[in-house]
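One chain, chain A, links the two complexes that follow: it is found with chain B in the first and with chain C in the second.
Take a look at the complex of A and B:
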């Protein structure tokens, strides 16, 4: 049941009404209802792994309490290690087993062992990368005494299973999520309307922008060997937009749905294409994953390697980004994607601009020429790197890029004058314009301060764009992770 | 809560108004089938797949056969091979679209060998069309038809309201204006259709259940008027392909026609084959369709005169 389906509309309306009209007496009622609904939502998506989700919730709840209540450091460590092994083990088994298994036999073959193997057919539980990272973060925070463990199984269960975020995030932190569900939530008109706006904008991003881009992208990538470099460049451009619109659209819908229940999820995208350097970009792209990696991988690692100064810092960055890439899937393409992003940080390390992040043209209508140049350069770099996100294997990615930079890049890409492409470019233009106008705000479609006619004009206009140019799709790119 | 629900209702009401306006004004341009479910129940019908949907023009039949005193106008209730192969599901839908008061209607059933094909592996059940329109529809004569919109949203192409390359008329005839502009495009389109036939040969086998359903359909329609079976003209090389899939097709249809005392007009007999203009080898374009519908009417008139 994806957010952009009629099934979801049929699901969410009664859930919303029951939540506020019947179960609003206390936080316990509200939480109990949310848990039931969340488990139903997950089971609807894939009931086979419901037991795994419940088991993971129970085990992590128990381990959190044990880590906190055990006075001895040695025993504390043991409980933490059990938790880490359990959670990482789940990921390794379900997501990475075949990758390492194949790799192992390929290494044997390199050394002449000539062994044959067949991979296991392991189904990937939906949302495993997201809920496992939440539990890993939770146990680490409890161990570091940054938070107290949840003493309430109901609240902890909602933290793990809350339906708007269970399938594709954002990856929430217990410190910000659990306190919200400890109190009784009251319906706030302004928060709910803001949530609905975010849902509308997310729908537009997904079913108008991402889906129309996919129509252009798919045939190019599926037939890249027969396309000139210029067309491949066009394909890479539309894929970068598709990837962003697809995932940011999903995140906006998830955050918007959550707001309808009085729960604020963390922002996941903050107009990342309006960045002037790679560090700035990663502060705005998939924020919940990036901050998780910063807190639990980069910071401890760079602290450990601080004696090695810049070399230690570069090693920490590259390791972190390789893991960011690898988190997306068991494929070398994602490793290359992460590695390249890590490498892009090196000039910033040497120039001392690692932490530079700013809102472009803050308080101004238009950016300076220098800023435009920086944004376009960065976008081109990211766009070409995203090719590795889309291709089946590294060789295909390298071949694709090789063809982009061949002489055929000077050919006129005929696809650009196709009516579908022209319409999509116009729609992207509108999408970027709205994002630009809201780049300093809390989300991409925060228009509550516009006058009522303009606001409603936007709602109707966006609905019309969805009606006329929307394409239905039953999946999101990030569901596979 | 009240204010939120009030404003949400207002928003949805505006959205519904826009959608309704588009459905009423451009329903025939944005979806191939939508109009078929917005018109009243029919006293006479054309039944079949995409060939008859585009190649049999009700307007021509209404004009040419009015002297025979059938309960006209005739409605084209054809779909495509994916949605409406012959079978109990299509029979049920025809039955719900049929005006039960009709006693002297005319029912033209266009048949192709593919309409009797069922999946070889049959892993998705005998009737692959079950979850598609018209079988997933309960209401077949309401305007606007929101049931169709909600159940078959993925069939809609709302932006076609701007281009309007094809029009599904209120009488059920699909007028296709996107026609090949040169022989090269025609050849490409024909090649694509050939590929589709090859795929169907690989995955389909002739179903005796579907054949029996035809018999049931004829018997049911005979209670409401006169039934004619038709095999529409297509390029002869395609006839050969179809016959390789179902070599006894003409024999079986003849047998059913004789047993039910109905006429079978086969326009693909090689010795008397007349070519009509198609745009891909087997779909008559609107000009070829006009000529063919007139020819079909001639055949019906001739047969009727003979019987008198």
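Take a look at the complex of A and C:
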């Protein structure tokens, strides 16, 4: 049941009413109801893996308590390792088994073994990359005594299964999530309305921007061998916008839905294309994944290698980004995507400028020429790298880019004068304009301080855009991860 | 070692890594308050402090650092 479906509307309205009218007596009632609804939501999406989700919740709950309550360091370590092996094992089995299995036989064949093999048909449990990262982070935090383990199975279960975030994040942290459900939540008009605003904006990003881009992108990528470089460049441009609008739209809807239940999820995107360098970009792109990788991979790794100065830092950055890429799926394309991003950091490490993180043109209406230049160059770099996110294999990605940089780049890309393309470009212009205006705010469509006429003008305008230009869609790019 | 001396050395480390001194040293100061002190520069700052004070942190020590006050007390426990 995707957020932009009629099913979801039929689901969410009674759930919202029951939550605030019937189950609002105490936090226990609220939590009990949320758990029930979350399990139903997950079962609706994929009932076959409900047992896996429940088992993972129970095992991690138990391990959290064990790690905390075991006084001896050696035994504490054992419980942590069991947890790490269990959670990473789940991911490796369901997501990466065939990748390594194939790789193993290919290496054998390189050495002349000529063995034949067939891969297993393993279904990917929905949301597994997201919820296992939450449990991994949780056990590590308990081990490091950053948090006390949850002593309440009901609360812990909601932390893992809470329906707005179970399928595609944001990847939450126990330290900020669990305290929110320990208290009784009270219905706040302003928070709920803000949630609805965020849902509206997410819906617009997803079904107007991302879906219209997809209509341009799909034929170009599917038929890239017969297109000139200029058209491929156009394809890469629209794909970069599609990817952003798809996932940031999803995240805004997830965060907005969660607000309707009085729970604040973490911000996942913070207008990432308004960045002037790559490190700035990653602070604003898929924030819940990047901060996770920073805390649980980069920090321990760079700490261990800190005596190696910049070499250690570069190695840690590249390893972290290869893992960021690989997290998305068992394909070399994602490894290349991560590796390239890691490499883009190297100049920053040497120039010492990787730490500058500022809102572009803070407090001003327009950016300077220099900032515009930096933002556009960075966007172009990211856009070309995103090609690896879309293609089926690395060879296709390289071939695609080779064609972009060939002489056929000087052909006129006839696709850009097609009426659908022109409409999409205008819609993207509006999308970018609103994001620019709200780049200093808490989310992309935080317009509560606009006057009432302007606010309603925006609601009606965006709603009409959705009605006129919205395309139905059954899935999100990030559901496959 | 005197707290003031420790603080001065921390301050030196920050200036040398971040390239500015737009911060005031007090116990409630956190990385967020200081321009450019983020997860990337953090490790370089930590290494610089180790060099300046001739100590070695453990990863667990790092997790305990919430503000300047806790940094100073972790360092004191190591000298």
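The definition used in the following text is that the second predicted complex is superposed on the first by the 481 of 481 C-alpha atoms of A that agree within 3 Å, B and C clash if a C-alpha of one lies under 4 Å from a C-alpha of the other, contacts with A are read in each partner's own complex, and residues count from 1 in each chain.
Heads up, the rule we're going with is that a residue touches a chain if its C-beta (ideal position, glycine included) is under 8 Å from a C-beta of that chain, and two chains touch if they have at least 3 such contacts.
Keep in mind the model is a prediction, meaning the values are calculated, not measured.
Asker: Let me test your reading of the model: by the given contact rule, A:20 touches which partner, first (chain B), second (chain C), both or neither?
Answerer: So A:20 only meets chain B here.
Asker: More residues of chain A in touch with chain C or with chain B?
Answerer: C
Asker: Give one of first, second, both or neither to describe whether A:6 is in contact with chain B, with chain C, with both, or with none.
Answerer: first
Asker: Is A:196 in contact with chain B, with chain C, with both, or with neither (first, second, both, neither)?
Answerer: First partner only, chain B.
Asker: Go through the superposed model and pick first if A:294 touches only chain B, second if only chain C, both, or neither.
Answerer: Second partner only.
Asker: Touch check for A:77: first (chain B), second (chain C), both, or neither?
Answerer: A:77 sits against neither chain B nor chain C.
Asker: Of the two partner chains, chain B (first) and chain C (second), which one does A:176 touch, if any: first, second, both, or neither?
Answerer: In the superposed model, A:176 contacts neither chain B nor chain C.
Asker: Tell me the contact category for A:414 with respect to chain B and chain C: first, second, both or neither.
Answerer: neither
Asker: Applying the document's contact rule, which stretches of chain B touch chain A when the two form their complex?
Answerer: Within the complex, chain B touches chain A at residues 1, 3-4, 7-8, 11, 14-15, 18-19, 22, 150, 153-154, 158-159, 161-162.
Asker: Quick check: in the complex, which residue numbers of chain A touch chain B?
Answerer: 6, 20-21, 187, 189, 192-193, 196, 423, 459-460, 463-464, 467-470, 472
Asker: Which of the residues in chain C end up touching chain A in this complex?
Answerer: 18-19, 36-44, 46-47, 50, 57, 59-60, 62-63
Asker: Across the complex, what residues on chain A touch chain C?
Answerer: Those residues of chain A that touch chain C are 144-146, 279, 283, 294-295, 298-300, 302-304, 306-307, 309, 313, 317, 352, 354-357.
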